[in-house]
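Chain nomenclature is as follows: A, B, C and D, assigned in order of appearance, with residue numbering initiated at 1 for each chain independently.
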Amino acid sequence: MHALGIDIGGTKIAGALVANDGTILAETRRPTPAADSHQIVETVAEMIAELRISGDAVAVGVAAAGFIDAERANVVYSPNLSWRNEPLKARIEAKVDLPVFIENDANAAGWAEYRYGAGRGSKHMMMLTIGTGVGGAIVTDGELFRGGFGIGAEFGHMNYMPDGLDCGCGQRGCLEQYGSGTALLKSAKQLVASGAATSARLAQLEKDAGELTGAQVYQAITEGDEGALACLTNLSNHLGRALASLAALLDPEIAVIGGGVSAVGDMLLDPIRESYLAHLPARGFRPELQLKQAELVNDAGVVGAADLARASVA
Amino acid sequence: MHALGIDIGGTKIAGALVANDGTILAETRRPTPAADSHQIVETVAEMIAELRISGDAVAVGVAAAGFIDAERANVVYSPNLSWRNEPLKARIEAKVDLPVFIENDANAAGWAEYRYGAGRGSKHMMMLTIGTGVGGAIVTDGELFRGGFGIGAEFGHMNYMPDGLDCGCGQRGCLEQYGSGTALLKSAKQLVASGAATSARLAQLEKDAGELTGAQVYQAITEGDEGALACLTNLSNHLGRALASLAALLDPEIAVIGGGVSAVGDMLLDPIRESYLAHLPARGFRPELQLKQAELVNDAGVVGAADLARASVA
Amino acid sequence: MHALGIDIGGTKIAGALVANDGTILAETRRPTPAADSHQIVETVAEMIAELRISGDAVAVGVAAAGFIDAERANVVYSPNLSWRNEPLKARIEAKVDLPVFIENDANAAGWAEYRYGAGRGSKHMMMLTIGTGVGGAIVTDGELFRGGFGIGAEFGHMNYMPDGLDCGCGQRGCLEQYGSGTALLKSAKQLVASGAATSARLAQLEKDAGELTGAQVYQAITEGDEGALACLTNLSNHLGRALASLAALLDPEIAVIGGGVSAVGDMLLDPIRESYLAHLPARGFRPELQLKQAELVNDAGVVGAADLARASVA
Amino acid sequence: MHALGIDIGGTKIAGALVANDGTILAETRRPTPAADSHQIVETVAEMIAELRISGDAVAVGVAAAGFIDAERANVVYSPNLSWRNEPLKARIEAKVDLPVFIENDANAAGWAEYRYGAGRGSKHMMMLTIGTGVGGAIVTDGELFRGGFGIGAEFGHMNYMPDGLDCGCGQRGCLEQYGSGTALLKSAKQLVASGAATSARLAQLEKDAGELTGAQVYQAITEGDEGALACLTNLSNHLGRALASLAALLDPEIAVIGGGVSAVGDMLLDPIRESYLAHLPARGFRPELQLKQAELVNDAGVVGAADLARASVA
């Protein structure tokens, strides 16, 4: 029994036909027509039609950033796509004769890791997605945790630093401001602006590329540049402290670290683990979770959305 | 089908025979023989025998503070009773011919509120127990959330204030140090020590009683004393900020505030609600939870433990 | 013996002929030709010539924002006027036959309050200027405190909140981000954006005026609007906590609160005093400072600059 | 012209006859009869008599911990010696025919470093004394900064971490709780308690010595032990952040680090310098201070007290 997964991002829409062992049988991509929500529905419908040529599917899972309601039908609020109370399920179902289920993108990715990736074999898992923001997913006793209104696991907006940095959500001190790829890039830029000796390599990469982006920071990290590694360690310290707090609340067996920043692997995970252990309440009196790198980075959204949709009609 | 609930506290053990509508049919209490874990088992067995005289029971639920393992059989660690890896289920079952299930006390209390108290009718609830420490319970989609190792929902040990006050768990800045009854009493004592004008009533109550305890602070609060209310508002501000963070993570429909401090009712709940709203991420774009006072204060532990035990054998 | 005072602000330049009892004998104002530092010198020279018609002067004091060197000759760095290592004393002296002394504007204002305003009669005073930023001045044993490089008393950039809000100086958590008029306006805007019930009056004033500026917030405060007062109290709590810390370091007899925000008077000073007392280390074992509102608000810069210049040639 | 210096500590009283080039001509020590303030005066008088045998002196400077009033005559409050409003000058002068001047001990030590030690040649210096607590001294334009009530430069009680660790002064988050030798020892003990792999050497030293004190931590640091160095670096990070804040306020040319912990030298100073630079507001636009280790560690109190007393009668 195959299912379709669609992942609507800020810049592109990815789609795949996914087998029930998580294998991708066919895939396709389009730019996101972000300004026009009708056009997004149109594009998604075309992608579904295209993917169905490769095989039958029993349902469609659609992953999108934002608050999805508990019925998995409506996008209550999406910061990237300017949606508010968008009846996305109904709009897509009006164009295709398949049941459609809307999922939060971090939830879909987390579910894919749980089923087919780094979380395989556990029953209680959490995932932190370290990208532009900080996303989260919780699996508890083998079920995806959605919360009472469908919008739980917003790890990026837990209050990490009282009266701390301003966040786009209207609050101060959200974890996202200390633990995201955006925070990493910002600290690298501040290092360059300070003119400190350790900023030399980053400054050179900025000069060569015309600007400093995640790509330059990633390169400097993989080269072992002292300045870039200091920024990464600082990020990891924050994430490890947050992880210890989340462990006290959610007590997972496994924590999976995903998102673009996780590509640096153990250079990120080792200092997160160290900081997690240093900040774990009642350390020594409780089991310690396993920390793992995500395995399905680019495909997690479509695979997870497809799998959750299939399970809904099974 | 009745069940027995036993709640082992630091100073007393409470027991009850509980009907399947949550009604208490019989109850009994004993002092906790805290220094001697064998004697605790003996006392619990005697209480079970005594309660069974009043009616048949299908199972026994035993609530205790601390980390209970995922099998609900062993107390991994209990700060009050000096237990480490105590096989409590086996020890009690050796003395009574009924299945026994061990529960964390805050989980048991939260479950009782969910089934028969302030959380009735919801499917996603969380409860904060504001007493000596800060306990927690999570109900998600109608199930008690236990976590991968059985020790989730430790709200009192989420990192609330990085590099903040020392906590008995070995960390700094745990919510317990800002939001518990102990924190409330400490701030009242600091107010008296400062000699500020607003401390006059508390100082008088301390003088009359010989010492300042929760009872005096409670009295001053109910009298509307300015100094005591300032301490309570400060506590509520912290709890409201933590609640907003927990809402981003757990997204419950209802948050129940229980524990000894909750007896002051709206004088506590109103400022918590105000602070929760002021600190809610993306406020206005998401549903807001209902905040309620616990209803079963003294009986919650035994009722919840009994109900969870009954459900386990049903 | 009269002296001239010139105060170069971001939008206007004020000048005055000041008698040795602090009385202003003549004054003049011009817009700041901010883009052109040569034109600023030209304008200042014209203003000096104009003011000398009203009476003889022995020296010129020039107040400007930024880091002034210990020789009081060069502007090391001025954020508003894009000056770096500007030999302002030499440039102005080349055009007028009077000795010229450059002063930091907050220092000049603080000195004026010490000599002729709220600090009269003390020997140890500090002043916090609550405007766009947070400026400071220290008078110790009757002398203006300048520091080793001429740039002390930067109260706005003491680290108030570790890992807190980003500051334009490149750091995080500077007092300026919590205690300035800019911070007050920002919190008012956040209140309006939240749509809370207490934001109604501010929202109305914003609608009427087309935008929310300090003028609208000031109006709402003086009307006693609950929302605006909550923002002001929050600001005052931060300032009182910083003041307690500064008292431990600088131990002044008097703290003067000046700058635009101080115009609201006791509505600002009362909660600052309350917060100062609540946060004072070893309260009850040390003398408490007097907290006073500045008296010379608009003229403080020119009067202080003139007086310091006169003293330098006396 | 010689003078006498007396340094009354919590466990011993040191005394010296000091020449006007800072040389110690004679010295003596006694245990502090801490419980009995009359006995302390008696002991000091005996020490003065003894030291005068070695040469004439024009005045006596007496250094003591605590708040000394602006007349340098009375101990307003001393935490170690239970003095409140003790007329120490009058009591000692009643027994010896020399003028007596009371000084805060950190001020005396700072003045000695300024005149004869690491601060020689500067005009604006500050000193942080890292011992049981965190003491401070400020020299501005060649004068000791005392503040309006004689109790300035209490660096240990600047608010470093809002809502942070409890301090003996009644407040929370004072620098002393993060940057003192006591804080260093506490973090070493917490490391041992955690059972982490890096705690092995400290645990061994504790076992050998029977308890963990500063001596064991000092030994582990000088051995290059990873765990002890991590504790020291953490301390240095806090001190560097505080130093950056103090630089914005006080703008000294030189900061001297003294007290018992400073004995480890560059292992302390290097990470302090790094943290100072990382947290300096407007770094790159202002001169940077020099960071130096104190030179007169044990003698600083008596030398400084003597020198200040001599200057008072000169």
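Simple rule for what comes next: a contact is a pair of C-beta atoms (placed from the backbone, for glycine too) under 8 Å apart; a residue touches a chain by one contact, two chains touch by 3 or more.
Because the structure is predicted, anything quoted here is derived from the model rather than measured.
Chemist: Could you quickly compare A-B and B-D and let me know which has more C-beta contacts?
Modeler: Answer by contact count: A-B.
Chemist: Which one of the chains is farthest from chain C, going by Cα centres?
Modeler: Between chain C and every other chain, the largest centroid distance is to B.
Chemist: For chain B and chain C, what's the span in angstrom between their mean Cα positions?
Modeler: Between these chains, centre-to-centre, one finds 51 Å.
Chemist: What whole-Å value do you get for the distance between chain A and chain B if each is reduced to the mean of its CA atoms?
Modeler: Computed value for the inter-centroid distance: 34 Å.
Chemist: With chain centres defined as C-alpha means, what is the inter-centre distance between chain B and chain D in Å?
Modeler: Here chain B and chain D have centroids separated by 46 Å.
Chemist: Name the residues of chain C that each touch 2 or more other chains.
Modeler: Correct list: 161-163, 170, 194, 283.
Chemist: Using the touch definition up top, name the residues of chain A that touch chain C in the complex.
Modeler: Its residues touching chain C are 161, 163-166, 170, 172-173, 178, 190, 193-194.
Chemist: For chain C, which residues count as touching chain B in their complex?
Modeler: Where chain C meets chain B, its residues are 162-163, 194-196, 277-278, 283-284.
Chemist: Residue numbers of chain A touching chain B in their complex, please.
Modeler: Touch residues, chain A against chain B: 67, 76-77, 84, 122-125, 136, 140-141, 143, 145-155, 157-162, 167, 169-171, 174, 241-242, 244-246, 248-254, 279-283, 285-287, 289.
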